[in-house]
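Following are the structures in question.
Each of the two complexes below includes chain A, the first together with chain B, the second together with chain C.
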Partner chain A sequence: MTAPAKPADAVRDASPGRAGAIADGVVRSVGPIVLAFLFCGLLLLLLGRDPLAFYGNIVTAGVLRPSGLQDSITRMAPVLLIAAGLVIVFRANLWNLGTDGQFLFAAAMVAGLGPIVLAVVPGPIGWLFLMAVAMAVGAMWTVIPALLKARYGINEIITTMMMTFIGVGVANLLVKGPFKGTTMVPQTAVVPKALMLTDIPGTSIHIGVFVALAVVVIVHLALTRTSFGTRLDVLGANPRAAVHLGIDVQRLTVTAFALSGALIGLAAAVDILGIFGYMRADWNPAYGLKVVPIVFLARLNALAIVPFAIFFSIVSIGGEYAARQASLPSDFILYVVGLILIFMVITQYLSDKRARGERILPRRAAKAAADV
Partner chain B sequence: MSELLTPTFLTAFVASGILAGIPLLFAALGETIAEQSGVLNVGLEGMVLSGAFAGFLGTLATGDIWVGLLLGGLVGLIVSGFMVVFCVRLGLDQIVVGISIVLTAEGATSLLHGAMFGKSYPRLDAIPELKIPFLGDIPILGGSLFTQPAPVYAALVLVAIVGWIFRRTSAGLSLRAAGERPDSLDAAGVSVVTVRTIAELTCGALAGIGGAYMAIVGAGTFVPFLTNGMGFIAIVIAMLGRGRAWGPVLGALLFGMSMSLSTALQLFGIAIPVDVVQMLPFVSVMVVLVLFTRQSRLPAALGLPYLRGAR
Partner chain C sequence: MDGSGPGITSDVGSPALPFAPTGSATAGGSIPAVELIGITKVFPGVIANDHINLAVMPGEVLCLLGENGAGKSTLMSILSGLYRPDEGHIRVAGKDVVIDSPRRGRDLGVGMVYQHLSLIPTLTVLENLMLGTNPGLVLKEKLARVHLEELAKTLGVAVDADAQTGSLSLGQQQHIEIIKALWKGSKVLILDEPTSMLTPQGIAELQSVLVQLKASGLAIIFITHKLHEAVAIGDRIAILRQGKVVGEIGPDVVHSLSPSQLQQRIVATMFGDEAASVADVAELRSDLGRKQATHTFSEAPLLELMDVSAPGVRGQYGISNLSLAVRGGEILGIAGVDGNGQRALAEVIAGQRKASAGEIRLAGSVINHLAVSARQRLGLRYVTDDRLGEGVVRPFAVSMNLVLKRIGDAPFWRRGAIDRTAINATARELIMQFDIRTPTEGTRIGKLSGGNIQKALLARELSFEPKVVVFNKPTHGLDVRTIAMVRERIREMAARGVATIVISTDLDELIDLSDRVAVLFEGQIAGVVENGPGAETRIGELIVGAQAA
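Presenting the complex of A and B:
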């Protein structure tokens, strides 16, 4: 049912003609991005903004300025972790669209407990404890949708969405209530910079980025080299076959969801402990749906997430600046990401059609082209 | 507690419940039609939101509520056209396309709003209410249910018509067949693609009207992300309605009330944190889902593209 990369695709890509397959993969991944930016440029033109200046600003602020480049690299940490979490469920053809709720609930817990815990146990042990808390919270927030899906087959797209809205509310209640700091504005107490995740000397890039990269590698190995990964693939390809193979589908569903939520919780911990040190009420970076296309563009390959995460981080950091300069809301990234998704399924459709030896153009259009 | 149960309170409560519920009713009714035909319209939120923005613009420009509603429905229909082309015609993944419609609509409305109005949020004039003779004088219900803007009554009439189509016409039969056994319908000589196209476009138009109603009558203005997940709640209502046209009425009223409970309580000085207010409808959806899971019944071919000759 899911269009993007099925295991069969992966096998085909690895077969002879590897260079061609890679080239095909690049076209399928980069094509949609280029088309999306083209269409976004058209909208910018329509709004009376200069698209070239806009995109130029993205590059300037996201890559060329040293501080911007460092921000882009730091932004990768949560993006990588969320994407890794999503790969796990998407492989099993399960949809976890509740990222924002899992992320914010975990972030609120870390921001609330952080100042207290780190004052007592500073350093790695404190960080690990807080990360564990965040992972537990993230995992917990997926349990109800996972159980409803596993037991009764209730559509998890809807339930994870519902849980997201609840999670955002719970996070805000926590920040405004028990975790509220001593300031007038509703926000948590602040973790002193010295107690936050260590930066690479001379930069503002914290070690959480390496944690995220390590997790991506581990997830990749788990998905490609273990029976767990294979079981996920089987479940994703055909749930009935999975049952016949003796896979405990209910348990696997819950496990996949829990792992996914845990990694999303970890993303929150890394973001709070690495960059912010506190959480403001109503803060919501809304990574959730924006990260979904990254996972599909990477064709559900955990390692392939990395280049797309770099690209996404640059666009999101540079885009904030570019949007401010053009006096537009930074939500244009939602528009771009949505377009990327749609062009991705179209590209996939066309290239599948070509692989089957069919015409890409509809018959009438092809005939018209031949007549000319 | 007893002083809460005054006629004034109850009137305000029911009235604001209906106000919040009508957009849900339109959207959920549309989703029911689409789901019955086998199209899981995850992009509903995007259609509602685009309809809200278009409806707001229409009424802002003309001052006429009907122009706004019409424009909202038209834009909702156009947005659902993407779903038709990609999912019904080409058979692409309904969920991925649905998500992309939500994202694109959120981004586009926010961008357009930002470019047109910047940080200002112009308000629309209040909408005149239509008091039904005699019925409008009943205590509590008279001031709430029977004193509403005209589109509310139109919505209820629409529900009756859709219910009639579902149950009593061959079009309704074709619609349900497209969702349950598309191959049989095809064999019977009816085009599955056409049935689903009509269902999906109707769904988009209704969702757009719902969004427009929300912006014009409910909020009286448009802010980016106005719908805030309402489209997803409508999907749940459609699922729990088991394909009956009256399901959305019940669901919309229930969730509308849960949204308005806090507003009504605030009238009496009982302050509820705004976060709880915003969470409440989603919590009730989850509670209903957990309690009535087995009530939901979805068409067998829901979410599956129908391609002739493909298995």
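Presenting the complex of A and C:
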């Protein structure tokens, strides 16, 4: 009943039923990906590479090889958690663009404290403690911009981004300073593999993936079935109505930001405890900018994040291999992500236009098509 | 009656026009400035316009009269190039044209003034006018200044080119909108409900502007739902109902009937068999009846404000040291020119704005510290005038909007989890009770007409045991039947012992409803007038700032 407040949705109300809406959603979400791949294929041709081989390698390395598939699945965990964190604020039309700072600060804390804590309390209690620390750090790093936004209306886009610079800096100071391990390279001590998050027997998929999936489901339920979710939707759709309706906008803003930061912190804990076991100085996976498009492709629906996160993981795991094989820089895969974003905007525009009952093609082209 | 032009003075309070139209002579033999032929526009589920034929001559005012949702705005959006018609075509000065964008419309000489102002308040008047109309990259300020002066002269108004637009009154801003619409030499000017946000004085000014423009040979299309406006300024009146032109009264007839005859004729065309049922609506009467006190008030006031102050926002007045009291069953009208603290007063009572000083008491207890939702639960309700801006959440369903002031409360939310069945059941009940015309309770509320949105807001605020209700401009921009319904609800509430405050800029409305009328001037109560003979005059004096005797 209260679908996310998208102006595009509001236009087509008379369109029949749920099935139509889902089909439309699939077209809007998958269309851009297909277009981006076509366009990238052209680019590869221009560069003298075989696009089919390139995409084939992505599939081979990302899905078909058992180790690739497992890597793809484990890569999903932080992506899912960050996306869940971002959905919460984005639905309220609040912009947490400080993912990287929150993530790295929390990661540094976990990597620094992990070896010490897990040596004393290994197992679930130690993990939970470290996750709690990470969540607290992530939340803390969003609360400052949140309070500035809630109390003084200061633009959170700027403040969260600025907090990222500081967060990244603090993380590096920690890794190079108090948390520096005994090695020559600036990095933290390493959590022994045995103390890291348990893998599913026979695979390299750690249990953090399940934590992430559970969190996504919980976030989805909270957003669609609770009064908290309704309040966020109201704030997102019409902030003045939120005031008129008696929603405590300041508290809601701070809560949403804190939850968002906490989940991003949790993503860091899962990544460090599940995959890396330590943190190098200047390490930055820059999830922030990569996850934002996923959240929008999923149209701010937490459950819809899952397929996109899988897809993203496959493309990044498989893409690294494919780029290497095609002797292209591994950054090439970022072009694909960028193109998906651009085509997403175009698809959205065309689809809105269609919903208004206008021609998608220019007049002359439509006429030519009709004449055929 | 011919030749001299029948007195176009309306007996419903519109000022006399200094210009007598020349009857049928205006239309004689010339080519229409604009002609709509067989225009049809279908939206999913609604035929907004159904084979509409209309024409307007140069130097003529065509009044497009119709209730909310009759298709007036769609038609004008087609004419201005915002929408494309599904069928039919448009002729400008006798030539078939395709208006496929507002820019094309402007180039063809069709200027549009929308109901809501589109000027940028932080820019100066001149900057606003040059925005989007300046040829090339370099701002041609001198040229623009001269052009502005010429146009201001055509309108017969004085315009300060360097004034910050936001600092002007709404009436003055509307003059700028008109000048902007005429900037590129328009031949047709469309005004969509132009009086809906103006004070009586602003309306009088607008009317004299229109007379000036008419004399300069411009064709004007004036969209309104207020009958007396159509009677006062229309040369030709077209009545739209459910997407069709159900009646057109040509200049010959318009100018040969007396205003009251014309009015009767329009009512008969608009409402057909139902004409009798709306006969009692103030908008359609020429003699305003006075409210008869038929019930008694509670002894102790239900709502009291004692020396309350609150800051204003965006250049509007706040309120300072304002005191008032409303007893149960009483209707207190708040009169005054818009921007004199009305919104601050309403929001301070509702809890949306903090009082910086003073005490607010609800049924005897101080509620200053309570937030909006707590006051709402205690029975203090606020029907906002900004229905779309803050009243509803447009993309949400009607049902959801009906319970939004109770987010998290049983029975709609149980232990935090939403119960859609309960929400829908309550919504269906309220939809019936308040006669909200909506396809289903799940329809997005933004799709409803203004009148139905207001009904939904009333349903939300007046259900769940109200004690004190503040209505801010409750009938502003509504059609006559909805106006009648809203006023009936207000009277009903009061009769049931609810303490009622009606804030309105429409003096007729306040006289129609109130027991007492307090006049707000620069954030303070300039005086309180018991409703009775001579009250209008006294209130009128206070409105413009005369000291209380």
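FYI, the second predicted complex is superposed on the first by the 347 of 372 C-alpha atoms of A that agree within 3 Å, B and C clash if a C-alpha of one lies under 4 Å from a C-alpha of the other, contacts with A are read in each partner's own complex, and residues count from 1 in each chain.
Following the convention adopted for this analysis, contacts are C-beta pairs under 8 Å (C-beta built on N, C-alpha and C of every residue); 3 or more make two chains touch, one makes a residue touch a chain.
Remember, it's a predicted structure, so these values are computed and weren't measured experimentally.
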Note to self: So in the superposed three-chain picture, is A:V243 touching just chain B, just chain C, both, or none of them (first/second/both/neither)?
What the structure shows: second
Next item on the list: Considering only the touch criterion stated at the top, classify A:L341 as touching first (chain B), second (chain C), both, or neither.
Entry: first
Item checked: Most chain A residues touched (candidates chain B, chain C) -> B
Notebook entry, point to check: So, A:D199: does it touch chain B (first), chain C (second), both, or neither?
Noted result: neither
Check: Who does A:D233 touch here: chain B (first), chain C (second), both, or neither?
Finding: second
Next item on the list: Give one of first, second, both or neither to describe whether A:L47 is in contact with chain B, with chain C, with both, or with none.
Entry: first
Check: Can you list the residues of chain A that touch chain B in one structure and chain C in the other?
Finding: 1-3
Margin query: Give the list of chain C residues in touch with chain A in this complex.
Written below: 43-45, 84, 350-352, 371-376, 382, 384, 386, 389-397, 399-400, 404-405, 407-408, 413, 416-418, 420, 423, 442-444, 446-447
Check: Mind pulling up the chain A residues that touch chain C in the complex?
Finding: 1-3, 5-7, 9-10, 12-15, 225-231, 233-234, 237-238, 240-241, 243-248, 357-358
Checklist line | Residues of chain A defined as touching chain B within the complex | finding: 1-4, 43, 47-49, 95, 97, 144, 148, 152, 154-155, 157-159, 161-163, 165-166, 169-170, 172-173, 176, 289-290, 292, 296, 327-329, 331-339, 341-342, 344-346, 349
Margin query: Considering only the defined contacts, which chain B positions touch chain A in the complex?
Written below: 40, 42, 82, 86, 90, 92-93, 95-97, 99-108, 110-115, 118, 224, 228-229, 232-233, 235-236, 239, 273, 275-276, 278-279, 282-283, 285-286, 289-290, 293-294, 296, 298, 303-304
